[in-house]
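Below you'll find the structure I mean.
Each chain carries a letter (A, B, C and D) given by its place in the written order, and its residues are counted from 1.
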Amino acid sequence: MTIYDVDRYLNSLDDGRAVYYRGQKVSNVVNHPEIGAAVKHASLVYKWQKDPKYRSMLVCRDKDYGEISTFYRIPKKPEDLMERFDLIYKTTRMGRGTFNIIQAIGSDALFALLIASREIDSKLGTAYHDRVEKFFRYVAEEDLALAVAQTDVKGDRILRPSEQSDPDMYVHIVKRTNEGIIVRGAKAHTTQGPVANEIIVLPTRAMTKDDADYAVAFAIPANAKGLKMISKPEKASEAALNDPWFIVGRENVETESITIFDDVFVPWDRVFLAGEWQYAGLIAVMFPTYHRFTAIAYRAGIADMLIGLGKLLAELNGVDDKSHIRRDIVEIIKYKELLRSTGYLAAHESKMDPATSIYVPNRVITNVGKLIANENYLDVVKHLVDVAGGLAATLPSSKDFENPDERKYLEKYLVGKKGTDAIVRSRILSMTKEIISSFGALFATAMIHAEGSIEASILELYRSYDYDGSKDLAFYASGIRDELRE
Amino acid sequence: MTIYDVDRYLNSLDDGRAVYYRGQKVSNVVNHPEIGAAVKHASLVYKWQKDPKYRSMLVCRDKDYGEISTFYRIPKKPEDLMERFDLIYKTTRMGRGTFNIIQAIGSDALFALLIASREIDSKLGTAYHDRVEKFFRYVAEEDLALAVAQTDVKGDRILRPSEQSDPDMYVHIVKRTNEGIIVRGAKAHTTQGPVANEIIVLPTRAMTKDDADYAVAFAIPANAKGLKMISKPEKASEAALNDPWFIVGRENVETESITIFDDVFVPWDRVFLAGEWQYAGLIAVMFPTYHRFTAIAYRAGIADMLIGLGKLLAELNGVDDKSHIRRDIVEIIKYKELLRSTGYLAAHESKMDPATSIYVPNRVITNVGKLIANENYLDVVKHLVDVAGGLAATLPSSKDFENPDERKYLEKYLVGKKGTDAIVRSRILSMTKEIISSFGALFATAMIHAEGSIEASILELYRSYDYDGSKDLAFYASGIRDELRE
Amino acid sequence: MTIYDVDRYLNSLDDGRAVYYRGQKVSNVVNHPEIGAAVKHASLVYKWQKDPKYRSMLVCRDKDYGEISTFYRIPKKPEDLMERFDLIYKTTRMGRGTFNIIQAIGSDALFALLIASREIDSKLGTAYHDRVEKFFRYVAEEDLALAVAQTDVKGDRILRPSEQSDPDMYVHIVKRTNEGIIVRGAKAHTTQGPVANEIIVLPTRAMTKDDADYAVAFAIPANAKGLKMISKPEKASEAALNDPWFIVGRENVETESITIFDDVFVPWDRVFLAGEWQYAGLIAVMFPTYHRFTAIAYRAGIADMLIGLGKLLAELNGVDDKSHIRRDIVEIIKYKELLRSTGYLAAHESKMDPATSIYVPNRVITNVGKLIANENYLDVVKHLVDVAGGLAATLPSSKDFENPDERKYLEKYLVGKKGTDAIVRSRILSMTKEIISSFGALFATAMIHAEGSIEASILELYRSYDYDGSKDLAFYASGIRDELRE
Amino acid sequence: MTIYDVDRYLNSLDDGRAVYYRGQKVSNVVNHPEIGAAVKHASLVYKWQKDPKYRSMLVCRDKDYGEISTFYRIPKKPEDLMERFDLIYKTTRMGRGTFNIIQAIGSDALFALLIASREIDSKLGTAYHDRVEKFFRYVAEEDLALAVAQTDVKGDRILRPSEQSDPDMYVHIVKRTNEGIIVRGAKAHTTQGPVANEIIVLPTRAMTKDDADYAVAFAIPANAKGLKMISKPEKASEAALNDPWFIVGRENVETESITIFDDVFVPWDRVFLAGEWQYAGLIAVMFPTYHRFTAIAYRAGIADMLIGLGKLLAELNGVDDKSHIRRDIVEIIKYKELLRSTGYLAAHESKMDPATSIYVPNRVITNVGKLIANENYLDVVKHLVDVAGGLAATLPSSKDFENPDERKYLEKYLVGKKGTDAIVRSRILSMTKEIISSFGALFATAMIHAEGSIEASILELYRSYDYDGSKDLAFYASGIRDELRE
């Protein structure tokens, strides 16, 4: 086995990949002022693997694969899922409140594919499972960095893939050859695609027979021919260039791209679904179950940071025992602890897939946690801002603290409660400000849409809840039945 | 050991206790038309203990006490708390959605007293723990029915007990003798007091030195001289007298009383706190921790019934796949599953009291669950009513279905979706209606105030959360500290 | 002109109408213990008309109809709608917080019919407007008591009227003769039908060509042959029989019935729509616009009572300046004042129907107010209960205060803040309790469904909002357009 | 009279004022890349005054002052306040959704000072009113640009001004001379201070006798000696430098500063309060009443833009008739129309100050509107983002659309519903994104804190509501009183 190290990872990215940023082709992502920040963040996983303080958490020994990243440990019992939850929660904290997706999302996808491919093979006599397993072994043993591209650009949201006026609105197979398939289309919101080694591509929804060519899953290297990634502007990294205080922006961001497949070739051993439209839905629902479980964990980590910012601001402002401020802080705590609660119960009540012995987080509880995470995030922000006060918007820049003419005033006038330090208070305020400005679009949107929208969780939850016991009780309570059946 | 049976319990209540109902002294609570319904509900615990279907859940073997009610099993590991959660959840379902408090609240109080008394003895050299243990053994071995009286009538809420113009606004010691103490005052909202064997009395808040006489905890039989219980009107039981459909009202209600202590004598071996004002707060916070954990469990059981009613109404009305109806149902599911999630995590992260080896549910998580339960209940009702439609208010009575002149119309016009039955739909609607009418004051108020108000949970949660890790992360993310300390 | 008086109204109800209550035919609604309370409430309108204190508000002079009830004044300018809003708000307060629907809903329906009939006549050459006007003159001049039956029992909610397996799930024309039409079906939730003089029947939704027989509107006397009304159980009136304190239950309730049309004959001059399916939707949307405007007003009146109860409880409990209690009270005030705000703006921005010169409240603003009223009511209750405390459920009955053995304790222990009176506090708590118990199903359900459900308001609002200006601004702000068009 | 024109305004700003931006002293605010955008926005008022399309709205004739800006028209009847509401609403729309504060806030302050000074003079025999009036005449006749500095930096929020360890935490008088006063301290969040002609300074709270030196109000030119303004970083303007699409960032932003008074001299004729501590509270409450009324108006304007963005995105994405999307849009409409409703009612129920005949918006209704505006803004954003989808965060930059290699893909893949244009959709998304990123801190924080925090509105509303009528109704409904008093 080979646990990557940071340098090997950095070198691996200089592979000719086609990445664009603000209209410019990026020659090397590692050195790029903004994309480089995303590289720096991803590389932390490799740094921690070597760090004696964190090694036992980040690296584990697997009987099949040897020493591998703990992100790639296949969950074989509920406790494995609990430890995975903790791993994601803790590494999010270790990343200054920024989730580290670089092995988390890929493993979420591969766990889903391992289960789904077995099911497809057993029903249709295909041979996908071996391919997935072989790819998984490669990824785990090489300790690779992965991205997952699932959400198609979609065109008209009301129409199915095959009904779109432009057939390329969903990624699809345009040609099949003896060697593999040619795919075309574009996926939106590929997190860390530009800094990953491999891109795993999954269908975004259930398909009908007419959509068979859209039922496609595969993996390709990030420098595959025809693959182009257009990154979003990284406001946080840009802000950090001008702000010595804003370390998160410099070291802990993730990039996201529109990922374009301009007739990309995929060899058969990297193809995990190709036309079996009946099973696109299985993958499209199995991956989110794992990934929403992951989401609950990292959001609990973010929430922990928001509690800290809020409590410190309350103390620094000297309003720590005001009733409405208490309420604000409690709302943030509630958010975090509900996520942790659903995460643990989703693990505790996880179910084993009988064919592969892999554990799947409880679907209902996972989606309850996800729904809470999505719907309440901006309410949490409201409470944080209520504690912070107006300076969360009107704070001078860190540069003003460097000019002695201004610094004397700022150090005098920006103190809060007696004995507090104006710089500490300003830096806590500054971090709070970035959460709602340079990070604002990312956080607000990711919290509402990433890993599936609010409506997606509602639908999934509504469908997967088992109503029998509840109805039985309703019949019993209403006197229609004489006793409980269960 | 003696596991009670139903008859022994019923006979035990004919003991001369002073109970009033709507201005009348109740000669025998068992035969009373309304209080009798509360007796019937409490007696279920004894019935289930004998029922082969439920015996293994309701009865357990303890190495010290022999075969006892599972409600009286002292939690010695996190799993014991999880099983207790399930016990309460399931018996709430078995009680048609009505919690069965008769041994649950007493054990919550006694677990708290076992821990607190040890702490007091170790600090002050008192000998309370032995008394509590002896009483606990008596209760467990005799399988008694218990009530707990904690909330004082309070007078002016802003003033401490000793500051009130009438000194009796909180229960207090008016005299100490060689044999025991004499207490005076009144407690509100004593659930099932009128149908319990013993009443455990606890202080309702932390006390100061001036309040020393108010720092008092003890247990007395329900027929103690000077003890008077004035029951609230039982609207559900009254409604059931006139409504053959409303079985819950006839068999599954609990009564609540104002419990008056008109100079009641308590022998020393039943006194668990008498003047040690420094420890009133410990009891006042330890008991709610157990009891709020219990509350989360029974409310999840109620919520399960609401899911069943809501889903059945959606199906019977034929609106099962309307987006806004789906949303309604999902909100009720969310409520239930958040309660189960916090219950599970509160048990999983429970802490052992080192002196007694008794496990205490995690205080933060328990209060998060309780807060959710309190704040969101009426929102859940809103969603249920949204599904039910206007008939939840305007449904004719079950008597109208007995008059053939009306029945022919009602059976024709009250069907919903094709193939559904007008009677079934009407009974489900009828049960829904009772939840917001004859049960309305109980449910709305209990959900907001029972086991502590919303503000009480906020305060408790705010104080007990450990902010160190969160602040550490905030310092780290803001760049003020270079690495995480924890 | 003839302004009714109370006696004439009471006598008019002894007309052989077929009303059922809890399975019994009611021989005379006036003397009936529960329905009689609804009569008493309705009769207040006639009492006030004669009362010098209120006469100028309740009676007005119309140039066409002479001296008539102000409820029957046709709005001919925005100020008329504002005065109508005040009339309904004030009479709701004068009715102890209970809306008085007896002339309000009928006038809402007739204003809608006056406008719609003119429109239909002008498009189809029918002659409905004259009939409506003649009926309106009769009603206004005779100062009649009216009910409106709109909501059909509906059967399977997904199917249109003509698609139902039982064709009678919506009221429809089963036969047309030279003299009139024969109608069959049933309407739910007819408020005050059993105590009205005339029942106005309106279609509940838009219709298609296949539903033509269901496009029917008419008016019939309450004692029409074949008309049967099954009242819901009146829990508030029943509670009042046993509770001297509960005056509202004895004097200020409204009854609601399922109204059955068992082949009822309607003469042509009482038929206002008969098959013109294209216009069913117009009536089904015009009536709610008026009626929701009315709803906002009466709910503001109810909210005013809730503010009073809440503020008094806060003061009596001595928690008047607690931050979270302040918040509770402010939420109730907010509810009321938002209703008043939307009511006034809906009047101010009302639009004149050009053909009839009748003013229609602004549809968007009316539905915004209605939405607020529906969605937030139970939240308001939550805040009220939070202030009230647990006694809102566990308060002894007024009968307990009559028994001297209990009274001495209750008067001692139920005082709140120093100097307050236990009886006053208990009566305020008792009223609060009835709102969530005997009135609970009515209030919770009516607030969510009466005058149209939440979803109905959302749909109506979404459709009637004029997006042009908003889009224009969005184009301008996004830089797509260079200047604002409007 | 002299109505300013744009050039005269621009020239007036080159007056040696001390403004800092990101650590640099700004030599001329007009030409500064970021502050210049705020100048551009402010200058629109002067541009519109000359524009035939808008002139009649922006300029009015006053009998005392001649032709003046409509912002400076003193409200002498409710309709004046309604027109003022419309003026602010419309100019916010004309400013691409950005409020134009430059004459609005100053007039809010001066209306408050006109009333308060009269009251102070009549009670204490001072002569402030004449000074205020003279200053007002000067401002109106010269058509000046104004800023208001009210919120002190505050230090320890729990302590009063005179209790702070550093006495300068609130602006205060350090010396009185024959010519005037010398003031010291700092005010936070001074909107458009760096681009105003005059700064009006008001006390931020009620004062006690010990705080007398802090009871100070005055006006000074922006270039007064000792006055220093440190602007916050203008992320929106900075973003616009790099983004041709983002016109708002280039032309429609407002700057905010920390305003430092380093021993600034104020001549007596510019001093409006100097030690009369009993009246600091009157000013501190009167100004916000006007200014919150203004806030409701401009926020309705912002909301109108959000409706437009949301509806366009729904249509462009082709999800216009999805139930949950409809709900999203309706929530934004509700927000806007509730603000308009409260604005209208606050004007309609405004009260005349008897001494000056100036109308003051209704305090309760104004604060209800403000509370809605503050508490629900981020919820509105949630709904907008839900409609927008993930591209609101991950959209490529406008520069990517300029690179032909990327543009061909973006134009293909970023179309939504058939027939829509990828560029139009992207620009609408881009504007949406800026609202939650470069504008994020401003919007989130301003909406929660500007013109007073949530808690401030709750307190004000709680205190100013007249409970008599509501309590009277509660007594009547509870049967404690026999009839309504009012």
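In this text, contacts are C-beta pairs under 8 Å (C-beta built on N, C-alpha and C of every residue); 3 or more make two chains touch, one makes a residue touch a chain.
It should be emphasised that the depicted structure is a prediction, and the values quoted were computed from it without experimental measurement.
Engineer: Go through A-D and B-D and name the pair with more C-beta contacts between its chains.
Structural biologist: Higher contact count goes to A-D.
Engineer: Taking each chain's centre as the mean of its C-alpha atoms, which one ends up farthest from the centre of chain D?
Structural biologist: Looking at centroid distances, B is the chain farthest away.
Engineer: With chain centres defined as C-alpha means, what is the inter-centre distance between chain A and chain D in Å?
Structural biologist: 38
Engineer: So what's the Cα centroid distance for chain B and chain D, whole Å?
Structural biologist: About 50 Å, centre to centre.
Engineer: Hunt down the residues of chain B that sit against at least two other chains at once, touch-wise.
Structural biologist: Residues 322, 324, 327, 458 of chain B touch two or more partner chains.
Engineer: For the complex, which residues does chain C have touching chain B?
Structural biologist: Against chain B, chain C makes touches at 20, 22-25, 151, 153-159, 164-166, 168-169, 186, 188-189, 228, 230-233, 235, 239, 242, 256-258, 260, 262, 317-319, 322, 324, 375, 378-379, 381-382, 385-386, 388-397, 399-403, 405-406, 409-410, 412-418, 433, 436-442, 444-446, 448-450, 453-455, 458.
Engineer: Report the residues of chain C in contact with chain D in the complex, numbered from low to high.
Structural biologist: 93-94, 96-97, 245-248, 304-305, 307-309, 311-312, 326-327, 329-330, 333-334, 337-338, 340-342, 344-345, 348, 364-365, 368-369, 371-372, 424, 427-428, 430-431, 458-459, 461-462, 465, 467, 469-480, 484
Engineer: Please name which positions on chain C make contact with chain A in the complex.
Structural biologist: Result: residues 322-324, 327 of chain C touch chain A.
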